[in-house]
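Each in C-alpha cells, the structures are laid out below.
There are two complexes below, and they share chain A, which is joined by chain B in the first and by chain C in the second.
What follows is the complex of A and B.
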C-alpha cells in the first residue's frame, strides 16, 4: 500500500508539488473567492485549446511541440487581416478561423518537414523554429508592411511613421468577446446543466445498449462507467458549490462563456475521434516505434507531418480564442511565449513527453494558471513587492519544464535498470 | 501450371564492392516444407535473404546475378513490398512488435479493419474508424491456427518472450496470400521448451501448405524439425540434403569446414600449473552480447582463445573484465580478487586491453602515433615523465624515441611518429593499439578481434607479434575472435561461447565437428550419438 502511494507520488510529483504551491499562494493572495473563481474560469477557457494542440505530436512520439508558436502566429495574421478589412462578428471570426487554418497548414508542413530531418530532437528544433518564425514575422510586419512591398496604410494598424504595425492592435471594435458573449451563464448554472445533460446522456447510452444492442447488464454497466463517474464528480461539485456559502456566492457570480466551452469541447471530441481512426492508429504506431511502423509499411514521414499540421492548426484556433478574450494583440510578443506556457501547463497536469491526455490538459491549465495569477498577489502580500511574485512565475514556468523533463529521463533510466 | 517448388533461387551471386559474398548459390523450397538454412556468421545467409526480400542494400550496391522463381515463374523482386505481394513473409530476429499494443493491434498492424462511414467515403481510409471488434475476432481466429490460446486483447508487452514469436507468425499468416515465411533465427531468444513448442507450431502450419525457410545455428532443431536443408560456407553452397540423410556431425563439419592443417600446428606446449586469471560465475550485461555464469581458469603464459558466433557473448568477456559493461561474479587475478568495475585499478594491475572497437574506444584518432603508444603507460604507470621543479611533465624525447622503436618493430606504415592515427589504415591502427598495450608490460593481455577488417599481410604480423610477446615476456594473452582458424593457429586452448555460456574448452588439434557442435549449442554427447 505505502509502496503504491510512493510510486504514485513519484509519478505525479510535478502535479502534487503544484497543488501544494497553489494552496499556499491562493491562501496568501487574500482575494475573494468570486475573483479567484472568475479569473480561473476565464484563464482555463482562454488557454485550453492552445494546450490541446500539443496532444497529437506527443502521441506521434515527437515530444512537446514548441513550434505551436507558428500556429499562434498564423492565428494572429488572420486576426490582423480581418481587422484591416474591418470584418467582425461571427461571420468575420468564421473567416478568420478559415484563413488561420489555411496559413497554419502551410506552417505545419514546414515544421513537419524539418522535424523529419531532426528525428529525436523535435523539441529543441521546435523551439528554434519558433524563434526563426518570430524573426520572419517581425521582418514582414515591422519592416515590410507599409512599404511598396506590402502597401498598407491604415492609421489603426500602422505606426505613425507609415511603416510597420503598431505594437498593440486594438480588437475591441470587432473581435473582443465575439465567442465569449454569445451566451453566458453562471458557474453554478453551468454545473447544474452539465449534471442534467450528463445524466440524460448516460441514461440514453444505457438504454441504447440494453434495448437496441441487447447487451447484458454487466456490459452495459462497463460501457457506462466512465459516464457514470463523470456524473458523480459533477454532482459532487454541484453539491459542494451549492452548499458552502462562500463558494456558492462565487459560483453564482462567476460567468462561463458557453459558446467558447462548446468550441473547446469540439476540439476535444475532434482529438478523441482522430485517435480512433486509421490515421490516429498510424500516428500512435509511429510514436511507439518508428522502425516497426516503417516495416509494416506505414509512411512514417508523412504521418509525422500530418500530426504536426493538426497540432499547428489547432494552435492557430487556440490563439484566436485567446486573443478574442484578451481584446488586443501585442503584435510582436503575443505569440512568443505561447509554446512555453502551453508546454509548462501540460507538464504540470502530469503529462510527459511520451504520454499526454485530455484530462491532463485541464488539470494542468487549472493548476498552472491558478499559480500564475495568485503568485504575484501573494508575493505582494508577503514581501510587499509584486515583482518577486512576477519573477517567481517566470522562473516557475521554465523550472517546471526543466524539472519535468529531468524527472522523465530519470524515471526512464530507472525503468531501464530494472 | 503448378510447379514442384514454391520458391527457386538459381545461381545467385552477389558482390559488395568487389568482395564476392555469394557464389552461385541455388536453393529450392517445396510447398509445405521446412527448409533449414545453416552456416556460420558471414556465410551469406542474410545476404541471400536480403536478395529474396529485395532489400534496398542489395539494389543500391549494383544488384545481384541469378534468377528467382516463384511457383515456377521468374519474378523481379525489387522492394520488400514486391516480396510481400508475392506472398513472402518474414519473422524478424528482433521483434517487430509494439509492446504497448494489444495482440490484435499488432497482428493487424497497418492492415486494420475499418468501419464503413461517411467520413471514410469522403476523406479516404485514413479517416475510417477502426473496427476493433472485427480486428479481435479475426486475430483470435488466426491465433487459433497457430495453436495459441490467448485473448486477442492482451497487452503484447506482458507476454513471455516465447509467445511473441507466435504473434509474429500469426501476423504473417493473417496476410491472406502468404505462402513462404522466412524465420531468421527464431529460436535464438527462446528457451529449449519454448523453442520446441514454437517449432511444433511451425510444423502444424506447414500442413496448410505454407513453407518456411528456417535460419538457425541450432543443429538439433534442424535435425528434428526441418525436411530439407542447405548449408552455406563462405558464400558457397556446400551441401543440400534431406535432413534424414545426414548426421549432425556431418552438418557441423560442413559448416566449419575450413580444415586446419593439423600437422602445421605446433606441438602442444607444456603450460605452467600456476593460474593467473580465474573467472567464477562471471556474468556481463553487455547489450547484444550477454554472458552468463562463465567460469574458466587461465594459466600463466597461456594463449587462450574465446570463440563463438556473433551475439553469443564472447565479446562480453574482455569488455566485462575491463569494466566497460556492468558485470557480476568473481574475477581473480594472481590469487587476488579484482574489482572489474574499476578500470584504472585493473589497468594498474598489469592487465592491458586492446578493444575490438579500434576507432571508438581504442584510439585517440586526432592524436599522433607517439601519444597513442605512450598514453596508457603515462597514465597508469607514470612512465615517460620528467620532473621539472617538482611538477611532472611529459618527457617528449623519451616518448618519441620509444614510439619510433615500436614503429620499426611492428612495421607500422606511416610518415612518422607524429602522424595522426585517423589517417592510418586499419591494420596499422591495430598495430598502434597493440604497441600501446605492450608498453604497459602486462601480465595479462586481452585482445578482442585483433584481425577484424585487416588485410592478410598485416594479420600475420599482428599474430606473430602476439606470439612473440607471449614467448619473450611470458604474459598470458586472451584473444577473442570470430576467426576460428586464426585462433586455432596460435592458441593453447579455446573456449567456445554459445548463447551466453561457455559450452566447452577445446584444443586446437581437436576435430572440426566438435567445434561445430559446441557452437551450435549441441552438447558433445548428444551430437556424438547421431
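What follows is the complex of A and C.
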C-alpha cells in the first residue's frame, strides 16, 4: 500500500506540489471566496480550449506543440478582420471561426512540414517557429498595413501615423463577450444541472448496454466507470458547495457562461471522437512507433501534418474564445505567450510529453490559473511587494516546463541504460 | 589513435567558406555600395558593425565547445551570462574601476561559472537527445528566478540599487567604472572608422586559446568523443566528463562575454534582458557555416562578422528605404529565428 502511494506520488509529483502551493497562496491572498471562485471559473473557461489544442500532437508523439502560437495568431487575424468589416453577433463570430480555421489550416501545414524535417526535436522547433511567426506577424501588421501593399485606413484600427495596427484594439460591442453573455447561470445551478445530466447520461448508457446490447453486469459497470466517477466527483462538489455556508455564498454568486461551456464540451467530444476514428488510431500508432506505423502502411508524414493542423485549428478557436472574453486584443502580445502558458498548465495537470488526457487539461487549468492570479496577491501580502509574486509566477511557468521536460528525459535515459 | 588522426584530416577538410557564405559576403559588399549611393555615412556604419562584432564575438565563441562535444547548440548560455553579471555587480558595488575592475569582475565570475557549468553539464548528461529544449527552459526558469534574486540580493551601493524601494536597478551604468575600457585601449581611427583594438585583441586571445585547446590532447579527445561517443569510450575517453568540460568552457565564455559586452555597451542589463541573448549567438555561428553537429573556429569568426555587420548595415538601409523605425527589431527577429529554423531542418537525424 505504502509502495503504491509512493509510486503514485512520484508519478504526480508536479501536480501534488502545485496543490500544496495553491493552498498556500490562496490562503495568503486574503481574498473573498466569491472573488476567487468567480476569477477561477472565468480563467478556466477562457483558457480551456487553448490547452485542449495540445492533446493531438502529444498523442502523435510530437511532444508539446509550442507552435500553437501560429493558431493563436490566426484567430487574432480573423478577429481583426471582422472588427474591420464591422460584423458581429453569432453569425459574425461564425464567419470569424471559419476564417480562423482556414488560415490556421495553412499555418498548421507549414508547421507540420517543418516538424517532419526535425523529428525528435519538434518542441524546440515549434518554439522557434513561434518566434519566427511573431516576426512575420509584426512585419505584416506593424509595417505593411496601411501602406500601398495592404491599403487599410480605419481610425479604430490604424495608428495615428497611418501605418500599422494599434497596440490594443477594442472589439466591437457585438463581438465582446458574445459567447459569454448568451446564457449565464450561477455556479451552484451549473453543478446541480450537470449532476442531473450526468446521472441521466450514465443511466441511459447502462440501460443501453444492459438491455439492448445484452452485456453482462460486470462489462456494463466497466463501461460506465468513467461516467460514474465523474458523477461522484460532481455530486461531492455539489454537496461541498451546498453545505458550507461561505462556499455556498460564493457558488451562488459566481456566474458560468453556459454557451462557452458547451463550446468547450464540444471540443472535448471532438477530440474524443477523433481518437476513435481510423485517423485517431493512425495518430496513436505514429506516436507509439513511427517505424511500425510506416511498416503498417500508414503515411506517417501525412498523419503528423494532420495532427499539427488539428492542433493549430483548435488553438485558433481557443484564442477567439479567449479574446472575446477579454474584450480587447493586445495586437502584438496576446499570442506571444499562449504556447508557454498552455503547455505549463497541461504539465501541471500531470501530463507528460508522451501522455495527456482531457481530465489533465482541466486539473492543470484549475491549479495553474489559481496559482497564477493568487501569487501576486500573496506576494503583496507576504513581502509587501507584488513584483516578487509577479516574477515568481513567471518562474513557476517556465520552471514547471523545465522540470517536466527534465524528468521525462531523465526517465527515458534511465530506461535506456537498463 | 588512427581514428583521431583521420578525424583531424576530415576536420581540416570541413570547409567553412561555403557557397552561401560567399553569396552573403557579396551581398554585404553590395549593401555597402548601396549605402554610399544613398549618401549614408558608410564609415559610421562600418565602425558600428565592428563594435557590435566585438560585443557579440565571445558569445558566438561560447557555442563552439558544446557543438564539438556533441551537445549541440547551447541554449543555456544565459546561465553563464548571469554569473558574469553577478561578478560585474560585485565590482561595481565595491567601486572598482579601470582595467583592474574589469579583470576583477572576470576573476570573481570565473569560479561561479565553473560551478554552474559543472552542474549544467551534469544535468544535460542525463538529458541526452533533448539538450536544446531542456537547456532553453532551464535558462528561462533560472533567469526568472534570478529576477527575484536581483530584488533581494543585499547590494548597498547607490549606483546599483533603486533610489526608492528595494532591489537592483534594471540597467546599471558603468560610466564611473569601466565603460569602453577595452574599446578605448589602443583605439585607432582610420579614415573615420573607429577600431576598438583592445576588445578585438581580447577576442583574438580567446580565439587563439580556443584554437590551441581544440588541438591539444584534451581538445582532440573532446571532439572525438563528440563525434562518436561509443568509439571514444573504446579509446578510454569518458564521454560524460568531456561533455561537462564543454559546458564549463561555454559557461565561462558566457560570463567573460557579458563583461566584454557590457564594457562596450556601457551598461549592465539585468532582469529579463539576458533571456534571449543566446539566440543571436546561435544564429551567428550557424550563418558562419556551422551545423548543430559540426563547427570550427572559422565558423565563429566568419559567422559573427557576417551576422552582425549584415544586421548593422542592412537595417539602417531598409529603415532609410521604408521609413519605419521599428522595422529593424522585427527584421532581426525574423532573420535570426529563420536561420535557426533552417539549421534545425538541416540537422542530421530522422526525417519523415
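The definition used in the following text is that the second predicted complex is superposed on the first by the 412 of 418 C-alpha atoms of A that agree within 3 Å, B and C clash if a C-alpha of one lies under 4 Å from a C-alpha of the other, contacts with A are read in each partner's own complex, and residues count from 1 in each chain.
Keep this in mind: a residue touches a chain if its C-beta (ideal position, glycine included) is under 8 Å from a C-beta of that chain, and two chains touch if they have at least 3 such contacts.
Treat the numbers as computed from the prediction; the structure is a model and nothing was measured.
Asker: If you stack the two complexes on chain A, which partner ends up touching A:232: first (chain B), second (chain C), both, or neither?
Answerer: neither
Asker: Going by the contact rule stated at the top, is it chain B or chain C that touches a larger number of residues on chain A?
Answerer: C
Asker: Does the superposition put A:289 against chain B (first), chain C (second), both, or neither?
Answerer: A:289 contacts chain B only, not chain C.
Asker: Applying the document's definition of touch, where does A:138 land relative to chain B and chain C: first, second, both, or neither?
Answerer: second
Asker: According to the stated criteria, A:391 is in contact with first (chain B), second (chain C), both, or neither; which is it?
Answerer: Touch status of A:391: second partner only.
Asker: With both complexes superposed on chain A, which partner does A:278 reach: first (chain B), second (chain C), both or neither?
Answerer: Touch status of A:278: first partner only.
Asker: Of the two partner chains, chain B (first) and chain C (second), which one does A:114 touch, if any: first, second, both, or neither?
Answerer: A:114 sits against chain C, while chain B stays out of touch.
Asker: Can you pull the chain A residues that chain B and chain C both touch?
Answerer: The overlap between the chain B and chain C interfaces on chain A is empty, containing no residue.
Asker: Spell out the residues on chain A that touch chain C in their complex, using ranges where they run on.
Answerer: 114, 116-121, 123-125, 127-129, 131-132, 134-136, 138-139, 142-143, 163-164, 290, 300-301, 304, 385, 387-388, 391-392, 394-395, 398-399, 401-402, 405-406, 408-410, 412-413
Asker: What part of chain B is in contact with chain A in the complex they form?
Answerer: So the residues of chain B in touch with chain A come to 81, 84, 92, 96-101, 105, 109-110, 112, 114, 119, 125-130.
Asker: Once bound in the complex, which stretches of chain A touch chain B?
Answerer: Residue list for chain A touching chain B: 273, 276-282, 285, 288-289, 291-293, 295-298.
Asker: Write out the stretch or stretches of chain C touching chain A in their complex.
Answerer: 75, 123, 126-130, 132-134, 136-138, 140-141, 143-145, 147-148, 151-152, 165-166, 279, 322, 324, 326-327, 330-331, 333-334, 337-338, 340-341, 344-345, 347, 349-352
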